[in-house]
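Just below is one structure, and these are the notes that go with it.
Which chain is which? They are A, B, C and D, in the order written, and residues in each are numbered from 1.
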């Protein structure tokens, strides 16, 4: 029980790395910084592996395994322990985060090799790992919130990493502020939780929830508030706007934070709070709707983007939408499953995209690429694999998870046809724009000036992570295969305790619903497989592939004509439905106006300064008067003191004289 | 008669005070004689010789001279303080002696039950009170220096006040060790704490364990009494007569006597604190020591007789004969067993005190004077740290002993 | 043995304190003003001892002890200050030390 | 009129006279001497109150050290008769009369007061032995005691720093 008894080690390692690099690394050679950064993260990953090994040996009664370190805040009934907990969900998250994180660290050493502020970058990355792990292992809302805000901070720092670029800084601010809006809801939610349960500790909350039920209204409020935070953090409609801009940051950052880990924090939180959501069907529905809408909506935007990273960003948003959709329909395990696979292939996509950009010498516009497949084969193949995975082509990781999600939406306990349609449509578009990306980038004739840009394959420390991730993008989902063909659901079964321990007893109509469509009756595996492979998701995916192929390989000038023919729609999509402009018009400008004219000129200059200056003036005035008293003659002072003494004596005697006599 | 029995305290005290005062005054007078003699012999001179045999009547003559000389006061002097100073100095010096026990408290006062014979008062805080009185002694010097309203006395007063205040600290500190060992501030208890013998021979006096403290005490005491080598307040070469330059006749005599009184006081303290006060240095089993007082007087008488016969001429011979007879008579008295038993304590303590006084004069005959900065740095930088260290060590040692007993 | 009421001692200490206060206000010499402070302290000490005696508790005496120590410290520092003052401006009268006034 | 009463009134009178002299004397040294008189009288009163240790400390520290220091400083600066300037009319017309008011009133009030729980100052109660006092001092009041020792140390250093002439 080395790690289980010392969970803090997992946190301490990246933190130490961050501290060392951040404080000392300024003038260090890159090799040393690398060893510190990668070393710390790798050790953390190994610790996690060891942790998993030990976790297997735990008796079911010992889960979740809580390590309590110190009481952080203690105010009346409000008690916050700095405690870490491990259960199945945590294990999955830990593995994903630390593994992908490690790979991306390694990748970064190659990608950032020629950038300034090298030590700063890795210090931030390690810090991010620290906060992310904290978030994942937290056992109460406050500690979770620490991680929550911490990753936000790191994201801000890293988006604005090139702080000389105005756009980068703006993007950073945008991300921070937008997520803050969500976090506000989250904070209120936490407070409401405490007000309701007199505790912010997960275990305590859930237990009390199971024993004495709370009014559904309250629960719905709590869930919606918490979900607001998730919406902000995980870039769902309507707060998704920051994520595309976040692509201003270095690509590894986009891969790690804005694809693989941080943005999934919202999903994780919702899954973690599943007992609450399970008892608030309205909130569940909202989650599902938001998820589905986001999935569809951002997919549409993704169709026409030309910036390679923007496309990926919108696909990320849409994939997150799928996860929420899964959570919304109550199959959290599937959501987490998709989270994991998504971490693999989306991380891979970004890294590959980064590799492409690297090869193109910083060019991000797909319209200026093309025909790279021969020049950078490794990148090409890995990217292709990732694309197949995300598109949901059978046999790849994404296929299993996404298919399960849609299956849950179609035939789960609270199925919903509309949401299913949205999801399927989104899936189709996903596959379309992903293949569009691949075709534009790697096929056709090069559209760049070959004399200036000389494309070159990335170094080993970039390509190897690509390959590893590619491997997982293929086989990362395979252990869900049996379930598809009606066999055992290993992943779901593994996670089940987390989602069933405090689950509410099924009410009448739910039981009826369960009875109505019983678990998939055991058909022959071959038949089941056939069903699945010919299911709608696959069909639309293939459809998307074909359309993309037809448009961008067969007759490359078709897209322009198409764009002309439906010009309005095209422009709408290209400008992302003008959402940024709408926000600017509706929120930002009024806010600016108010703060300028009312708060600044009115309150600040008029009121506050007035008060301050006025009081100062008053002080000077009265001081001038009082100065007469200050004769500078000690005896006078003594006399005044004496006056005071006599006054007080009189007072006291007149007050207490009766008591003494 | 019953008035006496009622106010036995009062009566006894008055009688004792009277006797003590008588003795002390005589002692003071003859100390000056002794000092002059001893210094003279150290410097191989005769010293006072003509007023009475061996100048034995010299003190009387001096006293008369002091009484009848003109008592002049500087016109610019501050009357009150000028008058107050010598009285303060003298009375305080003498008062301190009233607390010294000159014999064991067991000896009763004749005809008055429940009263001690040999100590005027037996306070539980005796040592502290003595220090209190001596600490007031500074005022005599300071006032004298200031009130004379002239340069040398002022400087002398400044010096002596600084000196006395500084050395008073180490004086007190050096004594605390003994107080710790005895666990009391009462003189008689301190003395009885020194009863007994090591190896049945060496008396359990505090000198042996507290040797460092004793040395510190000795030095500090000399400084405290403004004696050579610390007599800067009246360092003739620099300050003429120091603080009492302007004083003449009887006021001067009072300062003079005050100095001797202080000497006696500190000697008494040294004897009591470090040398077992009125305890005999010999084991009790040596019963013959009972006759030592008489024997010594006999020896003195015999010397006087010899001297009378051999060297004295004329009136001196008669005087010395009287002295001889007195000595022998006293010797006879002391040889009577009851008297001998009673006289033990006083005899021993007096002997020890006299030895100390002799030591003082001896020093004066031999040592040169310190420079003022030397004096100060010595007092603060050496004496005080050493005495403090001694205190700490003693305390630690005692603690260790207690802990070992558990 | 007759009993002296505590109130006598208290009254005496009050009188002494008052005189100390008057001295403080009345005197001009820095050193004398210091002395008047000492006088007040002494008066308070008397009250302390009287109370200690009246209630048969030692705490009062302990406080006197502390007061004396504090007085000693105060005298040490204060007099050093006075010396500096006298060296810097050739007067000990507080009425000549009105340089605080603008 | 028994002995304690006599002593009390004599010493009390001496103390008051001394205090008045402190004010009246124009020579600082005389003030100092008057203060010493007050202190000695108070010491006797302490004895009367059965606090011999405090009395001794009062004499040794107050009269024997602190006041000597005062006199010493007076001599050092040889401070003459103080000048009777009257720049502060407040002190003259408000301070002094108020002082009198305070004194007389408080004295009168206390004279008639009988503090709660006080049992007179019977000489029958035994004098506080230095042993008890020290036990109290080193057990209950150990920390304040140490604190005062630190205070003294600081005071010494401060005095040194102040009095030291910088070369």
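By definition in this document, a contact is a pair of C-beta atoms (placed from the backbone, for glycine too) under 8 Å apart; a residue touches a chain by one contact, two chains touch by 3 or more.
Being a predicted model, the structure only gives us computed values, none of them experimental.
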item	value
Of A-C and A-D, pair with higher C-beta contact tally	A-D
Whole-Å separation of chain centres (CA-atom averages), chain A against chain D	76
Separation of mean Cα positions, chain B and chain A [Å, integer]	95
Separation of chain B from chain C, taking each centre as the mean of its C-alpha atoms, in whole Å	36
Chain A and chain C: spacing of chain centres that average the CA atoms, whole Å	72
Set of chain B residues in contact with two or more other chains	none
Shared interface positions of chain C, touching two or more other chains	21, 25, 28, 95, 98
Chain D residues counted as touching two or more neighbouring chains	53, 65, 69, 74, 76, 87-88, 91, 95, 99, 102, 106, 109, 112-115
Interchain contacts, given as pairs of chains that touch	A-C, A-D, B-D, C-D
Chain D - residues contacting chain C, complex	2, 4-5, 8, 12, 15-16, 19-20, 22-23, 28, 31-32, 35, 38-39, 42, 45-46, 48-51, 53-54, 57-58, 61-62, 65-67, 69-70, 73-74, 76-77, 79, 82-88, 91, 95-96, 99-100, 102-104, 106-115, 117-125, 128, 132-133, 136-137, 140-141, 144-145, 148, 151-152, 154-156, 158-159, 162-163
Interface residues, chain A side, partner chain D - complex	631, 633, 635-636, 638-640, 642-643, 645-646, 649, 653, 657, 660-661
Partner chain D, residues of chain C touching it in the complex	1-23, 25-29, 31-32, 34-36, 38-39, 42, 45-46, 49-56, 58-59, 61-62, 64-66, 68-77, 79-84, 86, 92-93, 95-96, 98
Chain A-touching residues of chain D, taken from the complex the two chains share	87-88, 90-91, 94-95, 98-99, 101-102, 105-106, 109, 112-116
Chain B residues touching chain D - in the complex, by the definition given at the top	78, 80-81, 84, 123-125, 128-129, 131-133, 135-136, 138-139, 142-143, 145-146, 154, 157-158, 161-162, 165, 168, 185
